[in-house]
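Before I ask anything, here is the structure I am working with.
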Amino acid sequence: MTDTKTALVISAHAADFVWRCGGAIALHQKLGYEVTVACLSYGERGESARLWKDGKTLEEVKAIRRTEAENAAKALNVHDIQFFDLGDYPLVVDHDSKMKLVDLIRAVQPKFMLSHSTYDPYNTDHMYTSQLALEVRMIAQAWGHNPGEKVLGAPQLYLFEPHQTEQMGWKPDTFLDITEVWDQKRAAIECMEGQHHLWDYYTNVAENRGNHFRRNSGGQAGGRPAKYAEGFQSIFPRTVDEL
Amino acid sequence: MTDTKTALVISAHAADFVWRCGGAIALHQKLGYEVTVACLSYGERGESARLWKDGKTLEEVKAIRRTEAENAAKALNVHDIQFFDLGDYPLVVDHDSKMKLVDLIRAVQPKFMLSHSTYDPYNTDHMYTSQLALEVRMIAQAWGHNPGEKVLGAPQLYLFEPHQTEQMGWKPDTFLDITEVWDQKRAAIECMEGQHHLWDYYTNVAENRGNHFRRNSGGQAGGRPAKYAEGFQSIFPRTVDEL
Amino acid sequence: MTDTKTALVISAHAADFVWRCGGAIALHQKLGYEVTVACLSYGERGESARLWKDGKTLEEVKAIRRTEAENAAKALNVHDIQFFDLGDYPLVVDHDSKMKLVDLIRAVQPKFMLSHSTYDPYNTDHMYTSQLALEVRMIAQAWGHNPGEKVLGAPQLYLFEPHQTEQMGWKPDTFLDITEVWDQKRAAIECMEGQHHLWDYYTNVAENRGNHFRRNSGGQAGGRPAKYAEGFQSIFPRTVDEL
Amino acid sequence: MTDTKTALVISAHAADFVWRCGGAIALHQKLGYEVTVACLSYGERGESARLWKDGKTLEEVKAIRRTEAENAAKALNVHDIQFFDLGDYPLVVDHDSKMKLVDLIRAVQPKFMLSHSTYDPYNTDHMYTSQLALEVRMIAQAWGHNPGEKVLGAPQLYLFEPHQTEQMGWKPDTFLDITEVWDQKRAAIECMEGQHHLWDYYTNVAENRGNHFRRNSGGQAGGRPAKYAEGFQSIFPRTVDEL
Amino acid sequence: MTDTKTALVISAHAADFVWRCGGAIALHQKLGYEVTVACLSYGERGESARLWKDGKTLEEVKAIRRTEAENAAKALNVHDIQFFDLGDYPLVVDHDSKMKLVDLIRAVQPKFMLSHSTYDPYNTDHMYTSQLALEVRMIAQAWGHNPGEKVLGAPQLYLFEPHQTEQMGWKPDTFLDITEVWDQKRAAIECMEGQHHLWDYYTNVAENRGNHFRRNSGGQAGGRPAKYAEGFQSIFPRTVDEL
Amino acid sequence: MTDTKTALVISAHAADFVWRCGGAIALHQKLGYEVTVACLSYGERGESARLWKDGKTLEEVKAIRRTEAENAAKALNVHDIQFFDLGDYPLVVDHDSKMKLVDLIRAVQPKFMLSHSTYDPYNTDHMYTSQLALEVRMIAQAWGHNPGEKVLGAPQLYLFEPHQTEQMGWKPDTFLDITEVWDQKRAAIECMEGQHHLWDYYTNVAENRGNHFRRNSGGQAGGRPAKYAEGFQSIFPRTVDEL
């Protein structure tokens, strides 16, 4: 345990961490954090349409998706990426996998966590993962879970941006300026070769969230010209010394 | 216009700023802010029961309530307190008073604002004031309002704690540690001689919000022993450089 | 001021009190309450389509609607019905009318109040009246409003059933068995000659709310066979000595 | 009164109809509708920052904004655009202006209406206009309002897309494919010379709403390749003959 | 795979499809759809009180309920009804049954689906089924699930009317005129011999939803005289070419 | 089965029933009810930090927590307390345990039930228990579950007060005056030796809920001087004979 600040991303499928919080990852790596990404599945069945259309087998799809995710992680300078390979559509997390995830949280001791929105009628894997993130955070906080290990403090759980935000009842309360790492995020996005149709989509999102950043920071009245941003919804309240 | 940081409180009745954000005021004064309080009314009709029972006249009630508020402001080291004397139960703000309030915002140029919750079925003056705070903030941001004056940036509007939070649908997202100024807040509270029944009530609130501060800062796992806190709900998202 | 229990209904238009809480009125009269109904308008412009199609003048429409409401009030054994004649579509309540309504509340000292749902996109008069009910209740509670008069306690404000409940976000938390006064309510309904199309509608409502009464009272397991009921949403929490 | 289908847009400020429903306007004109736009103000004080920075006077700002809006209306092939010139920041609608707006609705007899989201803490003019749209729709439906005129039916009120949708609690339930009129919308957008920073913003929005259109129409499984879309939230339920 | 349009109903218990969407089923059969009903259980334990009071055994109850459901299906001219026999109170769906349901969706390729409301504190089987409907829809859309089969598009999931709508937070956004098939729905209802107390209840519902149909279609101003209707809440937004 | 009134508390962890509804328990025992408490776990892993820090083993922690809970139950004069010992963080309830809980409900035949809030991001055991309470209540109501046993009626499920109410979306609609049993509740609280930091916290809560009791009962206008209270949120509507 050193003084290095850390963060943990829990991603249902291989690519989620790229579109939804790639900027936050790259930026915090730059700020000196060590960011770990846990991919619960490769999104092999549900988010790899092009590969299946090309006639790939399940093992091939998983291998390709893994490579894409590893490449994206490199582009974002991710500290560590772990693949749980639990299957998708539906994702199912049994007791042992849950405990393995708790072990990871305890090892990482994240200052903050990132995961999916609490509701997503298009993708029940996403809401299941959001619920799971709360559960494993709770277990990691228990003094009686593997007594002797360092228990978890009270890290924020930020919900990253889902697709079609309004349908998920997701409301961002925090905008992060990712302008200086945008090139890294775009590079990571371009590792996702099977989802070409989303490259420009999430570039648009980043540009428009930049507008929101400026609007809420008083940018129009002369503030910083943030060009790209990401939005997050906090589950827990903040504790501060100054408003 | 100097570099001094400033804040503005919009309080429907004379005492609201004491119970609901007295700690935030004292703390920010200590941090070097200049905090201005706008009292739209004295709470003369609706929140001065004891004085009416004692047979005071309207003018006497208003004078006493004003003195109490001034004393509390002194205890909190308020930079400036302004009384709009617009009447209460119901509070009615005409066009000219609204513009006077806009003038004040423009003069203060607050880094953040504090006002009431958006809903309060017990007290329609409170929700009217909350709506008003949004309206005058918007007007103060308009380049075409009194052109030439410095326009307002995008200060956060924090909703301070209402009485019976759950009935108001108020959900705090920010807890402020006010331990070091608690004595000042308690002293200000004790200036409110006609509302003795609320002294211990808001002391309990501050203690229990201290518990929430600790719980959310990881205090149980070895963090700072905040004893007193205040909670706030943000209307607008934050713009940050680090999560 | 006697020991008689009292209740007050604030109805935007002449007929609202009949469809929405006619059973509650008749039942409480039977229980010994004195129930007063305040009709803010006759619903002359917006809820008298048939009369306008028949070529009636404004004064004729108002007179007919007033008579209908008086007849319905008689059928329900209403203690007192007062017509404020403030106009409808839109209903506008000026300061003096508001104070007149406060005077009425103070005179009645209701144990509970009944009015409209807080939201109604079909009928802005309804949501305006709901807001108004909260405001005048608050003013009547103020010790400094007409000092010397008896101030109001803390009567419940029940929101009666709107048309198309789900669109209004109205959720009943209280079902009242009106079986024994159903004949009176039906008779009152039949006084509304211009709204024939609603007679069976609100009969259906009463029958189905009876089903809800039984379902929630454990009726299926052998409880009381309530046949007709009305639903209400409470604004304020209850204070009880037994759960 | 002919058989031509009509629609009515109620826009708080001059440019709102362009960003938020310009595609819907152009498309319905193409479909044979006559679309009328009511601009309640020019957005002269609050949404013309560049012009004020350039030292223009109030009258000059209003004239320029009017010309921009007229040009945009031409680009969209708007049937009729009417300027109410009621002032902005804050927008205030007195009784006579309200009645003038009711007259317009009655004259147009729209099959559907378009206006602002019900909540907008950044811009109280917007939520005021949304509330107003409900009120004037209700008045226009009243048989007793100007008896003899044709009363309004039950047109849908669609809420068009606000800026920062999630902050407004706006959730689209209808996506309209505007691909074939996109060039017209972009041309109209470019008439708004003082708000250059929003041109690409709303182009991004249109592209991403196109993605949402495809996602919800089953486009990924082989549906129509809509490239641009607009989203709308319905206030009222639909009445249909087939699901 | 032909061009026939299809629909799929997922019903937790045997009778749910009758009360809640019997009209929609009969109407769409008439419109040329093939409507399939999946009954996950017979409602044998929880919704067959009369049979248990009569001393029937579990197998007898199931047989009787199945016959009732088959008769109702015939009355509604259902294309296909399938019984999953998974047990009720509580309903439990294991992995294999879930996959069997996915197979059914893939085989049917429904243009739209119908199931329960997302919340129901009276009946956890209902909310479990609603969640399940989203999950199996998602799996059926995955290109990697049983590669080679035709994947599902993006059918709407309509939530049909629960009992005590307001308690479930259910808000209909679509009303369907079922007047021309009402006799069929009533006949189907009367197949449910053990639930006599609900016959008139759901007749009342249909009549009053007819009122809502007329009110929202402008019926009062001269529209179609729909007498019976059903209401539905859409989970997903619509994609349209005309508002 | 006698005529004695009964109540049932379902508590996720050993101490929950003390902080959250100890007053309700003691008061109803005094009123002649027999109150049964079901503790699903001892809170051994997640809510016994001090014991783990002291180096206790799992069995020791469980024994100590059980003794504390039994002592608290005695102080509150609980009729019966049952320990299910299902483990915590996470609590997992298998089919057999669920049925054992149903058996208990059937045996108790509670007039009302008490359990956790529906949402709790800090503690997924709590929301799981709330969901479970609804499920077992439903099963106990089924005539086909263990036919021959007395089925359950329709007892209210009151959600008792969670920690940080606003984060849980918990809104009390019922305040119970517990002044006369406060000494018992405080004594029970003091049995929880490992959670000393919560003793004053929940004393503050009780005092401030007393304020809410008085505020909503009209106490300021001369009502009963309740000093301590507890708040509850009802899941189901009430059925009454008088408003």
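Every chain is named by a letter (A, B, C, D, E and F) in the order it is written, and numbering of its residues begins at 1.
Here is the rule we use: a residue touches a chain if its C-beta (ideal position, glycine included) is under 8 Å from a C-beta of that chain, and two chains touch if they have at least 3 such contacts.
What you are looking at is a predicted structure, and each value in this text was computed from that prediction instead of being measured.
Steps from chain B to chain E, taking the shortest chain of touch contacts, total 2.
Of all residue numbers that take part in the contact between chain A and chain F, under half occur on both sides, making this a different-residue interface. The equivalent interface to B-F, defined as the listed pair sharing over half of its contact pairs by residue number with it, is C-E out of A-F, D-E or C-E. The chain with its C-alpha centre at the largest distance from the centre of chain C is A. Averaged Cα coordinates give chain C a centre that lies 37 Å from the centre of chain F. With touch defined as above, residues shared between interfaces to two or more other chains in chain B number as follows: 49, 122, 141, 167, 172, 212, 215, 220, 231, 236-237.
Under the stated contact rule, the graph of chain-to-chain touches falls outside the line, ring, star and complete shapes. All chain pairs in contact, by the document's touch criterion: A-B, A-D, A-E, A-F, B-C, B-D, B-F, C-D, C-E, C-F, D-E, E-F. By the touch criterion stated above, chain C contacts chain E in their complex at residues 49, 122, 163-167, 169-172, 197, 200-201, 204-205, 207-208, 211-212, 215, 220, 231. Residue ranges of chain E in contact with chain D, taken from their complex: 7, 24, 27-28, 31, 112, 141, 151-156, 158, 172-177, 212-213, 215-223, 226, 229, 231-232, 234, 236-243. Listed in rising order, the residues of chain A touching chain F in the complex are 98, 131, 134-135, 138-139, 141-145, 147, 157, 235-237.
Against chain E, the residues of chain A that register as touching in their complex are 44-46, 48-49, 52-53, 58, 61, 88-90, 92, 121-125, 167.
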